[in-house]
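What follows is a structure written as structure tokens; I'll ask about it next.
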Amino acid sequence: MNNDEFNADLLKRSPGSPRTLFGILMTGLTFLSAGIALLPLVAVIGFVIAKGGSRIKLGVFTELPPTAYQVDGGGFGNAIQGTIILVVIAALISIPIGVLAAVYLTEFGKGTKLADWIRFFTNVLSGVPSIIVGVFAYGVIVLNLKNLGIGNGYSTFAGGFALSILMLPIIVRATEESLKLVPPEVRQAAVGLGATNFQTVSWVVLPAALPAIITGTTLAIARAAGETAPLLFTALFSQYYLPLSEKGPNALYEPTASLAVLVYNFATRPFENQKELAWAASLILVLMVLLTSIISRIATSRKVY
Amino acid sequence: MLNLKSLFQQSPITSPMTVNKSNVNQTEPVLRAENVDIYYGDFLAVKGISMDIPKNRITAFIGPSGCGKSTLLRCYNRLNDLIKIFRIGEQSKIYYHNQNLYAPDIDPVEVRRRIGMVFQKPNPFPKSIYDNIAFGPRLNGYKGDMDELVERSLRGAALWDEVKDKLKQSGLSLSGGQQQRLCIARAIAVQPDVILMDEPCSALDPISTLRVEDLLHELKEQYTIVIVTHNMQQASRVSDMTAFFNVEPTDKGGRMGYLVEYDRTEVIFQSPKEESTREYVSGRFG
Amino acid sequence: MTSLSKDSQPAVQPRSSLDKNLDRGFIWLTLLFALAVAGVLIWMTVVVGIGAIPAMLKYGVGFIFSSNWDAVNDEYGALPQLYGTLVSSIIALIFAVPIGLGVALFLSEDYLPTRIQVVIVFLVELLAAIPSVVYGLWGIAVLVPIMKAIGGQIYNLFGWIPIFGTPPSATGLGMLPAGLVLAVMVLPTIAAISRDALISLPPDLRQAAVGLGATRWEAIIKILVPAAFSGIVGAIMLALGRALGETMAVTLLIGNSNNISASILAPGSTISSLLALKFAEADGLQVSALMYSALLLFAITLLVNVLAEMLVRRVQRI
């Protein structure tokens, strides 16, 4: 090519060319999809706040759910109590197992085929539909309690067990991620001082990873609290508080109310008062995931970025 | 230190290369940098580069790490546009056939179609050998015989005999040296004017390196080539012109690259004008 | 340590056997728990499988082809539910795949400063955190009235196409609203995992394409998306797995009628909605029939998830 015959216009932008127009179109479409994706988030959170917010009064935290013909008042004190107890049971089961399993995966079994397989199973477990987990908990707890003659089997404990299965893979993964962030020098330092594996993990590695583990666990708990499907035929629902003061731990053999199941039950009722309570309970569930997500985001972003 | 400033701040009408013109077998310049400053954010990374790249010659950029030679190279086909914080000085101009490449109405996509690039690490697409070559021509709406163009490009890159029976295989199945020649074939398939090469042999073994160097000699019949290299022997073996860049710390704690000396390769390697050039080419620093 | 002279007490006691056993025990304990986590999956298969045996023996493969759900005569078949599960998930993917990919590209390109990008990534992930039952409640309040209004129009205009071949039900519930809410729920999965696949591509791929004169979108469509393809397919499979098993929002929106209709305006039901509605009140053989349908859903989602997991892993290895 020669200077004389070189046509500099070939280098110029051509705003009308198909390539340029195609690029503008595609860029526009991606912006549009981002807008469409965020629309339901705004719509759901907006609606829940607008409809649920007006119904949140002190009474909803203490009173029992209204019956169909109770046009005013009532609350979901028992559902809050139930959700807390369910989540506590789930956490007590899943946190120790999940954390120690993650310790094996990152500390002792690192790089082995076995650890790879366990990780694979854990990931697949996290994709199991929550309703199937409910069926599993029914088969393991409800049926066996019934066979043992302990009530009809539907129980708070069965619900907590179901939620623990759902939390398990999330906790394993969150703990694994947290443990990976602990620099290997920390472990070497501890081992260099003559610490055993147990001492290294329990005195050095776990404490170093603790903040991140707590954030991950809190997220898992918040999500578990919103789960409905696994409770439908394990913890069922109850109009009343769990009789903890009268029966003590044996009360866990009885069904319990929960916020999530309350939302489901009241969502389709024709009675305005009950519907409003469904929105109020939704607001609490949404705020819970919202707040824990934001807090955990802030907590982890400080380290990552 | 040296009187480069006055040298490079001459008006664009008189080429900055006037000093050398008498003793260089110059062809007309294809690319001309004029007072090029390169910024990353607010940080001036390369300062005041002015130089001409002659047609159908191989021009080598040498210099220590961080001297900005690769950054400058990527200015010639506006590949630095991919980096958000990259910016070129307001007075800086890069002419390609007398057209300023950084003028607002220039389409960088069209620039890159004419000024091709071969990268440090061989980076074939995860596609077949054939599709790797055909990618660029297809983009540009090539209407001719694609099979013929693929063969011609692969022959041009001295790869045809090795791959003619496995054009459907993935480009990633080739050896490192073959991959790099595939990347060269891919670059020449769009029939560019200029080929920029960013340390094309640094990831290759010595035998592959020699094959690529032989190839460069053949390619310069048709193309203008600019090659960044760390390897002084390579620069002296393959290039007609050599530019030596150096880097110096700035007041603000950063590092700034600049052009020290630009001349015919034998001048740079045998009788450089600057002491720092002599030290660098004799391997005393860098 | 033991060779120290007698008058100087050794500063370091030799490790007691208790200490050593404790240490070994600890490793075994963590291994045990790790195996337990993996074992849950097998345990689950066994429990649901055993529960399903009576129904499997009685109905066999015919269960999949029968559309009866008759608790009085103990005749059960899950064909409408299998059909509804697949159709509602397909509707969800039809909407979620293009939008999710658009979001993934939007968030993997450099359109926005990193700070804003991080916030949007977070907001998209929040979509996945909102409880399913809340989506259901919202769907009833917002989406169903809209469907009632638009559904009739769609039927009038496009009723000649089989998929719009029935007028919308009086309640406004049906496959379409259920599928739409499912789309919202699985969209974050597609967006997040596809984005991961895209941003983990080596940057020199884009540079090579752009260096050959490709525009941004030519590089994306011809090079980047094909290179990230298995990760994107993995993301879609994971989303499919979620959609197939999603329960609460679907149960609230799909209308729960035991029929098979080509029309997406008609109500239907899914395996998960069947379980949600019938399980608590079932006894006898119906429980086993429900377990059988649960086993089918479990098997389908397991298959989809295992495939997805393998595809996503392949990306991570590159």
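Observations, loosely collected:
Should a chain be cited, it is by its letter among A, B and C, assigned in written order, with residues numbered from 1 in that chain.
Going forward, a contact is a pair of C-beta atoms (placed from the backbone, for glycine too) under 8 Å apart; a residue touches a chain by one contact, two chains touch by 3 or more.
What you see is a predicted model; the values in this text were computed from it and never measured.
Set side by side, B-C and A-C show the greater C-beta contact count at A-C.
Chain C has the Cα centre that lies closest to the mean of all protein Cα atoms in view. Chain centres here are means of the Cα atoms, and by that rule the chain farthest away from chain B is A. The geometric centre of chain A is 53 Å away from that of chain B, both derived from CA atoms. Separating the centre of chain B from that of chain C, both taken as means of CA atoms, is a distance of 49 Å.
Taking each chain's centre as the mean of its C-alpha atoms, chain A lies 14 Å from chain C. In chain B, 109-110 are the positions where the chain touches two or more neighbouring chains simultaneously. Annotation for chain C: residues 215, 218 touch two or more other chains. Of all residues in chain A, those touching 2 or more other chains are 19, listed in ascending order. The touching residues of chain C, counted against chain B in their complex, run 110, 202, 204-215, 218, 222-223, 226-227. Against chain C, the residues of chain A that register as touching in their complex are 19-20, 22-23, 26-27, 29-34, 36-38, 40-41, 43-45, 47-48, 51, 96-98, 100-105, 107-109, 115, 117-118, 120-125, 127-136, 138-140, 154, 165, 168-169, 172, 194, 196-199, 201, 222-223, 226-229, 232-233, 236, 260, 263-264, 267-268, 278-279, 282, 285-286, 289-290, 293, 297, 301.
Residues of chain A touching chain B in their complex: 1, 3, 6, 8, 10-14, 19. Taken in their complex, chain B has these residues touching chain A: 28, 96-99, 101, 105-107, 109-111, 114, 193.
The part of chain C that touches chain A in the complex is made up of residues 12, 15, 19-20, 22-23, 26-27, 29-31, 33-38, 40-41, 43-44, 47-48, 50-51, 98-103, 105-107, 109, 111, 118, 120, 122-127, 129-138, 140-142, 184, 187, 191, 215-218, 220-221, 238, 241-242, 244-248, 251-252, 272, 275-276, 279-280, 290-291, 294, 297-298, 301-302, 305-306, 308-309, 313.
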